[in-house]
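In what follows, structures are represented as structure tokens.
In the two complexes below, chain A is the common chain; its partner is chain B in one and chain C in the other.
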Partner chain A sequence: MRYALLVQGSPYSNQASHSALRFSHGLIARGHQLATVFFYHDGVYNAARLALPPQDEPHLVDEWRELHVRQSTELLVCIASGLRRGIVDEQEASRHGKTGHSLEAPFELTGLGQLIDAGLTHDRLVTFAP
Partner chain B sequence: MNDIAFNRLLVVLRHGPHGSSWLREGLEVALVGAALGQDVSLLFYGEGVTALLKEQQVGPLAQKGTQPMLEMLPMYDIESLWVDAEALATYDLTLDELVVPAKEVGRHEVSDLFQRHRLVLNF
Partner chain C sequence: MILHTLNRSPATSRVYQQTLDAMASEDRLLLIEDGVQGALPSLSPLFGELSGRLYVLQEDVISRGLEERCDPSIHVVNVDGFVLLTEEADKIVSWF
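After this line comes the complex of A and B, so read on.
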């Protein structure tokens, strides 16, 4: 089956992202496809380019990237939730006169329409919230 | 329960208007869904029923209030609004105290409501 995930928890603050990643690995191991992950609410922090967890802890941002490499999983970040919280790509940063950016490929800023679309076009949409 | 259409998107709102952005972000999903032509229903559940109280103010945090979004629902053709009857009783509220017209739903009927929607999103 083609799966989509909706992740709404901030990494390292609560279990939502950890659970979502473990679920991702589980469904891939069973032969399913993780086609899309949509990050909304505090979940947008999962895309923080500068995240530096201690080396003996899982690097959640890198684990999402790895899913993109393995399965071409689309990593979609809600632009309205992201901009409010300082999660911006290079283009948005320069548009708003900021010197740095906090989000980069394979994560991409996108609109909420993509969440609705994911919910209607995948076999399953599973939510991970705090 | 039999009068509801097989709407496609159900947005469940379980948080009050203040203290977090859950209600606002849930309503945004509903409005975007409707703008994209989906049939959208809302279920105000638990604390979420307080979202429907009249005469809400923005408050000292200066975040945008959610009441203007609720008043926009008819413009987006979002008219299938359900409220958790048990929560209404808990907060000692009646339907005529709510800012938009809504129908009561019992907790035992919620699973039925979920089954009648293709996509259920929970906030």
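After this line comes the complex of A and C, so read on.
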């Protein structure tokens, strides 16, 4: 089956990201495909390019990247949630006259329509919230 | 059949009541994260109407040191079982 996940929790603040990653590995182990992860609300911090957790802790941003490498998982970040929180890619930063950016590929800024689309085009959509 | 997940302890949040109100007679409930406290014998009677349709996530039970303390009538599933529950459900609703 093709799965989509909706992640609404900020990394290192609550369990949502950990639960979602654990579920991701579980569904892949059962032969399913993790096609899309949509990061919404505080979940957009999962895409922070400059995240530097201590080396003896899980690097959640890198774990999402790894899923993209393994499964070509689309890592979609809500643009409205992201801009409010300073999670912007190079193009948006430049458009708003900011130097530096906090989001890069394989994460991509998208609209809420992509979340609706994920619900309609995937076999299962599972939400992990704070 | 809808799979519902609940990540709040019934000792600290009343969202479990909304969950129960929303559940149809064949729906299932999986307790995850702090929601696993609902599997303790002191709290599990709150879910009594779900007999046979109540599940608790093993990894979250173990990480909280509660593996010897759960109500034995509740199904314990690991993350593999969690995925299986989502396979068997038509859709998944998360309560938080």
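Quick notes
Rule of thumb we're sticking to: the second predicted complex is superposed on the first by the 130 of 130 C-alpha atoms of A that agree within 3 Å, B and C clash if a C-alpha of one lies under 4 Å from a C-alpha of the other, contacts with A are read in each partner's own complex, and residues count from 1 in each chain.
Note that in this section a contact is a pair of C-beta atoms (placed from the backbone, for glycine too) under 8 Å apart; a residue touches a chain by one contact, two chains touch by 3 or more.
Keep in mind that what you see is a predicted model, and the values were worked out from it rather than measured.
In the superposed pair of complexes, A:Ala80 makes contact with chain B only, with no contact to chain C. Once the two complexes are overlaid on the shared chain, A:Thr127 sits against chain B and chain C alike.
By the touch criterion defined above, A:Pro53 lies against neither chain B nor chain C after alignment on the C-alpha atoms of chain A. When the shared chain is aligned, no partner comes close enough to touch A:Gly100: not chain B, not chain C. By the touch criterion defined above, A:His41 reaches chain B but does not reach chain C. Looking at the shared chain after the overlay, A:Arg30 reaches chain C, while chain B stays out of its contact range. Contacts of A:Gly113 after superposition on the shared chain: chain B is touched, whereas chain C is not. Taken together, the two complexes place residues 125, 127, 129 of chain A in contact with chain B and also with chain C. Those residues of chain B that touch chain A in the complex are listed here as 8-9, 21-22, 25, 28-29, 32-33, 36, 38, 118-119, 121-123. Within the complex, the chain C residues that touch chain A are 5, 7, 32-34, 59, 79-80, 82-84, 86-87, 89, 91-94, 96.
Touching chain B in their complex are the following residues of chain A: 6, 40-41, 80-81, 111-113, 115-117, 119-120, 125, 127, 129. Within the complex formed with chain C, the chain A residues making contact are 1, 3, 15, 19, 22-23, 25-27, 29-30, 32, 124-130.
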